[in-house]
């Protein structure tokens, strides 16, 4: 058994060397009132080894669904309708079931939850829950996990002993959020998924927590996926950015490239919405209109056209395909940009 | 912890007020009984040639107050005697103090009720977890139906059916007394064995009649816990199923402990049918015999004890919950 | 079709505007066969209680030659320890059991709804006092209380029985109705009606009660089962003098006349119990429909 696992951990499953996780043509649907509604449509992306990849989008864009799909944890009434999620050294998670899937979750791929303040068992002390985590993944020395957690806690300027002997309700919201991050890091995962890890925090502790995450990520060369709605966080932290709108990837590039040369009108709107410390608050412009709900996403044409200032006739009927830019590292899907450059 | 003490005091004071209210009720109840049993007793004694003074004392001992005195004096006397745990003297069991009779009756009720409830609690909890975890599967639907069905059978019918079916139709269990009369009572193995064997049906009656309630309550408790963020988180952290079920069960059982204590209290009152049918000389049996024999001191005493059990259970439940839920224990 | 709808105000949120309650109930009941069965059972016993006793003489004949007789055409359920037909006893006994239980339900609902609505509507000290009393009623174990009360008042007639059961059993409903009223209040319901200058009694009878009526109807049915258990229990224990034959009296006589000791009495013992369970079963099956009537979201599904 263990020999087989070791074998597997050396396998690349056809992934190119810089890629840690490959998502191909992923479709996730939710069954609502007898209708199958798409939450993710033909999502393909490569998550690069040792980098922080941010997935940005408004609420309803499907970013949290993507996070769950990356762990094959989309639950009823939703399901992964088609597509694949392949990890280096692990394989295809959407085909995994039961015990095999359980062993991967929390160990090789771990997640920091959006509602991390409530992700701990309220009836058990934090330390005991860390031990439960260690035992669940058959660690030879569960106590070592407590030491590791203590180190992480100190780095996040928490009182390690106090935190480990506390119940959830004895900690403040910000402390719980950090504890949630400790849970995500303590087993030294290969991949860390963070779903809005700092929404519950005030601005100051937000940046300090992000800084710690960044430094740990650098140290461990930890492949990280950061799910967020906040372009400011992306700018501070991410190496690459994937922009998601209504369940579709509309643009992807390195952070620097994307911030400098955004191609998709939606990306531009997101960048304009970043409040800048130096500028007037009035300069930050929020995007007008509402993102479509699951039921109202158009089935043909560009998903963004209803809010797009550059809408053309072709946008109503034909789905824009990806165009590549800057040595193929930057892709976007927009008829207007395409027409402008041709 | 420091918020706890005032609350404890408040709850206990509230309980005392309740008990006083019930005691007042039993006091006035005796005065409202048609034909005034107190005066009747006095007259009866005097006709029998007992000296008036002597007769008064006897009636006082029986009811806890002197007749022919202003009502408030009688009331104060009655409460005063109660505070000394003196509930008067029984009429049916001539001259025996009610307190003594009730103390003797108590174990019969407490032991059967408690064992019945514990059995039903264990099975009910297990069933509830299974129903909730395997929702929409055959086993869950079957168990739900079964539990709802048992939940719907009133205790009287259940006890009668059990007694009739398992002692008369199929003579498996003994019937009619709490132990075999041929075995001398004492702390001996045969006697205890006989007690246990005779207790099977009554305990089963308690257990079956409360099982359905536990199963259905636990089911909804588990379902609500399954929706909690930390349960989803524990799944995504890859916790072992055994550990996850422990998380779920513990969170879901917690609110049920309050109900557990309460139901033990309430079962004291519900014990009437089962004790009558199986001839168990417990508190419910005392209440019903006393009522049937117009033994008012014993009746008032049993009712008071049964009510006090409920009130005490209420208070204990409240504090038990505080003790086992770390969220409240600050 | 819609004449049964209460006259709602223009300010009433649309979710309160329903098609007629009768239409909804009919649709909900006919949706599942089990609910139809429930209604049929209830109707069957109701008809039995109304017309059944007319088929028999007031004093049922006894027959010492036919004690514990097996089922026959003359006695489809056999006979009892006196040779009286068990079926005749069941049928004549149903009237008392069901009428007393129905009255008990009406009284319980009446007291409970009144206390709950008044408490939840007026709040303040009225609410405090009513809730104190409710807590008291809820804490005192109901059945022992009934036994004790039987010594000062032999509430044997159906109306007295119903009244006593109502007086001792309204606590739980009062609490539930209060919280229903509070939830109407939270939805801005009462304030809106007050803003229109409507009187308290108008708001309570025309606005609040219609909105909680399905809930009350559900509890009416539930209270019927509670009423049956309590009265049958009291008669079984023999603390209430027997005025007429009923299922509780049957069980009492069976128990005290040695039917427990002979297997021949099987039908005699089981018949009244089976009837009680059957009525309960019918009510439970019907109650299932109320979930749907109460919960508009389920209705569309």
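Note that the chains are named A, B and C in the order they appear, and that numbering of residues resets to 1 at the start of each chain.
Keep this in mind: a contact is a pair of C-beta atoms (placed from the backbone, for glycine too) under 8 Å apart; a residue touches a chain by one contact, two chains touch by 3 or more.
Only a predicted model underlies this, so the values are computations on that prediction, with no experimental measurement involved.
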Separate pieces, if any, that appear once subunit B is removed in thought: A | C
Longest centre-to-centre distance from subunit C, chain (CA-based): A
Whole-Å separation of chain centres (CA-atom averages), subunit A against subunit C: 57
Length of the line joining the C-alpha centres of subunit B and subunit C, rounded to whole Å: 25
Subunit C - residues contacting subunit B, complex: 136, 139-145, 147-148, 150-152, 229, 232-233, 236-239, 251, 255, 260-263, 266, 269-270, 273, 276-277, 280-281, 284
Contacting residues of subunit A [partner subunit B, same complex]: 71, 73, 102-107, 110-111, 113, 115, 118-124, 132-133, 135-137, 167, 169, 183
Complex contacts: residues of subunit B adjacent to subunit C: 18, 21-22, 26, 29, 32-34, 148, 152-154, 156-157, 160-161, 163-164, 167-169, 175, 266, 268-270, 272-273, 276-277, 284, 287-288, 291-292, 294, 296, 299-300, 302-303, 306-307, 310-311, 314
Residues on subunit B engaged by subunit A in the complex (per definition of touch): 228-230, 233-241, 243, 247, 250-251, 254, 325-327
